[in-house]
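Chain lettering (A, B, C and D) follows the sequence in which the chains are written, and residue indices restart at 1 in each chain.
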């Protein structure tokens, strides 16, 4: 989960990373109670990048201009996302701008420190000067100093920038983050450092042990548990629900190979949750079907469920339960269901589903072909 | 890897719903489960398996074990695995999903220092058909044979095993590495194991999109693996630019991303083709490719 | 530095270790604003042990009794120490009382967890049942569970007591403590756990990175830096000032072998502080002499200073400076000085000190003998 | 231990007051100091020694070094030592005092894993008279010879060295282990080094009160050391029940204290007597005991 800039900066502040005086603006009228002296910067708080170029960042000199700018920014979508909040922040005179980040490298399975003496919005220049240091063992501050020296820093900047990287790493590891990024880190003429913009990505699986982050997360829209993935595509009329990401991808591929068009797909999740029970699996199937059929473009639903913990019959009864509760509306929409189940009690499942006129297959490709056929007719 | 039909196996988190379910299935398969561990439940028995509060305590009672399978809740897995390592267990499969990546970083470091074979997390474990089951592979999809199956998935692995079995191709070993960002063991480790395994004649590698481990595996096969390998990658039609699955949870920032193409099915398939490894387009194609290869090598043997 | 019970419990509370509702009482009249329901326990907040037996812990049922009891406790010295503060605490019905501690074992150079199912005031019984677990590598909760199982705990107590030990270890390591002890940990009939009394010893050398603990320390009386040690003995008339603990001990031994009696001794500290300079060493000598001559019983001061960073002459000039500033009062007291210095510029030092009629030796035993001789004459 | 007259030595914290003072003295003694490290001061030179920001960087310029001597402020010592270990340095002397014990616990763990010889903290380091000085031993008190001197003290070590030198007894090696609660290396390690050292004929062990390492040393000598050892313990008349010096900073709780007598001079002297090791009562007695032993062994050699 991506935090917004103002949330990231609040974490920076807690860690002792210097940030500018700032104030959260929920409504343009909040600017009348502004405690920061002008001139200020108003920044759209959206998760997507490129807000600067899109006009989501404005410098203003007084309250009248600020309120007008805030109104504009609140009504300006960035890559389709409207801000709910703006950040009003003091201006800062940087002489240099650096890029700093802490991430996990999945291949070497270790955290990596990244730094570039060319921070800011020019990503290409940043990338050209990027340096990295792998944190091989338990972290110690010398890793941070290594990065600063690799970046080419000298004298006092070695220690002041190292101290920022240390604090970033502490944040990264204490809060189980996927990413901590400061871009740019402003360096003043006197050599002081200031985190001017920041990005923090929280690890969804670790949220349970960070209640303060979980609270931020609860304010955001995504309500799916981390083991589920739902992807909405732009066109198509087939909805897919499968269990397991690999199986979902394989099914998606087969539908496309058969010239079918997919409206959306959902991974219902594997069965490796420590507290998974037959009941929770059935619940997931029903909730999943609800989610993928919300899209009115959908004419055909293909369920591909490989039953290991539960029997085919139990999976079928979950489909049945969903179907019966919404029978009328589903018929109105002329929504076709195709099911593919493998595992125990296939015959019982078949009985169940045939009563609902839902074709059930054991063979995956047959199921896919039937779904595509039905979709083409629709 | 050192697993035989009579290898002694410990189950950590045996009182968790997932552990309880699969302890029964593993035992039914014939796996020699000698003890379970579940702190606070010591002294009980489950499916005739004695349960202890500590790994140490379990080992006092049943002697050294060959492997531990962990079903503890995600935030307790790191501790359970470290406990197993401290007690001298050197083969560990973590089944549970939802383990924070930084826990895995610490665990991998500990496993490396102690030369522990770590599998998972979020994986179906290991099955040697007809002999032993450590994890959640559904027994009915597998049959003994000579195809070594390595995968990052769980249900997709079962699907492929089922395709092979239905085509009359048994398996020497089925292993799921897990699809999390930080994996306890990697494709090269298991390719090596299968390359050295007498029972295995051909290796099927099932990959997923995301990460770069299939690309690395392709290079490793070209360099170090003598047995024939065929590959299958799901996600050819996955929408680009979306992070999918746990694998996508750890993203590098835009700047850190070293080449945007890495991680796509195209990139992975290209890597396999470059390494002259046949790539199946769909699960049903896998048995055909395996048969072709087996025929060829049978021919050579003559 | 030992924290008081109420300070230790505040740390416990921050770590999530359950403690009873309590209130700090600075004056008996504070009891009128008590927010805890009666009956309560009033406990003398002193650093020394044995307060229970000495009458420093009293149960009271109402405000009148409480005020009277508080007055008594405030006026009751425990091993010579008067409490500045009392703790008023709710009563707790324990069914069992355990002992738990986390300490460093200096021989194996690792932290050790200690536990006994016989906690409370009977130290012998506690010791008889004591169990220990060495924390071999980075801490993980299984070490805590190992201790509980060794203690003989079963079922739910394994987890609830382990959780306490985990929190104690976290406190120990995050705050750089020398000791965390809970004695007793009360176990209620329902199996709930409660830290009824606690002891925390803070590591003096780590105080600099724990400002919150340093603040507590600043309220306490000890003003010597950690590298200095001052010990006041019961009788004797010779005061010793030496640099380095080993050298101080060796000098003390020699004085005693020569039948001298020591009033007090001071280790001025070695010279291995990273920021030590000749000026700071001279300062230490002067401050040290000031400290050891406060005691009016002292007739002879023996300085044994092995000069490595500074010259003998510089050390001598520090002695001279101290001496000249207090010449009159020192003469009134007929205080004799004997100096032993080795190192560079001995002859210059000798010149300096002979002007003050301070005998200077190179040989340690000669210096000791002269000091004892002078002390006997006094 | 592997130190020769021309061993290459690094100084970490060379810009600290203590480091600056002793870098000059060490260099004047003839120690081959090839580089200094002090983050933020890279590019400068001090006493003609080049100063770098990183250990890694220093080693790029001057090649591998044999040892590092650390004078950094107490809270930066752990990091400096870990940096040295990560750069492959396997002999480290920490001079600075005031290092929190838990930092040492972590450092000792890292030193053990990497087989690093760690000396200190709060110690005067090592001197091989006439050859090399790593630390703060005042050169004027030492002279080359055949007495190996091991101690927990700093100034008391110099005192004993001076007594020996004045009595015409030179030293093969002088080493101070430091008197902190958690020491990087122990008496047995250095007894072993001196036992194997060709130059050393007799070993003088200087102990302090507090802790149990003299008791452990006595047992170790009886079991494993062939060369003659004499001991001296300061603090025979120390008041009982007071914690003195850094050594006393880590106390076990009353209950944890396994026998109240451990740590007193009596306990230590008794341990040496039991191991048949002569114990000097005062510094001036040490040269006498050493001479007696040397005479005896000279006699034997004839």
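Just so it is clear, a contact is a pair of C-beta atoms (placed from the backbone, for glycine too) under 8 Å apart; a residue touches a chain by one contact, two chains touch by 3 or more.
Values in this document were obtained by computation on a predicted structure and should not be read as measured data.
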item: Contact network partition after subunit C is left out of the picture; value: one piece
item: Between subunit B and subunit D, the fewest steps along chains that touch one another; value: 2
item: Longest centre-to-centre distance from subunit D, chain (CA-based); value: A
item: Selected interface, A-B versus B-C, where C-beta contact pairs are more numerous; value: A-B
item: Inter-centroid spacing, subunit D versus subunit A (mean Cα positions, whole Å); value: 55
item: Cα-centroid distance, subunit A relative to subunit B, in whole angstrom; value: 27
item: Separation of mean Cα positions, subunit C and subunit A [Å, integer]; value: 53
item: Junction residues of subunit A, two or more chains touched; value: 137-138
item: Multi-chain contact sites of subunit D, meaning residues that touch two or more partners; value: none
item: Touch-based graph of the chains, sorted into line, ring, star, complete or other; value: ring
item: Touching pairs - complete list by chain label; value: A-B, A-D, B-C, C-D
item: Contact set on subunit A toward subunit D in their complex; value: 136-138, 140-142, 145-146, 149, 154-156, 158-159, 162
item: Residues of subunit D touching subunit C in the complex; value: 13, 16-19, 21, 71-75, 95-102, 104-105, 108-109, 122-124, 136, 138, 140-141, 151-159, 162, 179, 181-183, 206, 208-209, 211-213, 216, 234-239, 242, 244-247, 249-256, 281-284
item: Residue ranges of subunit A in contact with subunit B within the complex; value: 49, 99, 101, 103-107, 109-112, 114, 116, 123, 126-127, 130, 137, 173, 176, 178-179, 181, 183, 199, 201, 203-206, 208-209, 226-227, 229, 231, 233, 242-247, 249-250, 252-257, 262, 267, 270-277, 306, 308-309, 342-344, 364-365
item: Contacting residues of subunit D [partner subunit A, same complex]; value: 39-43, 53-57, 78-80, 82-83, 86, 106, 110
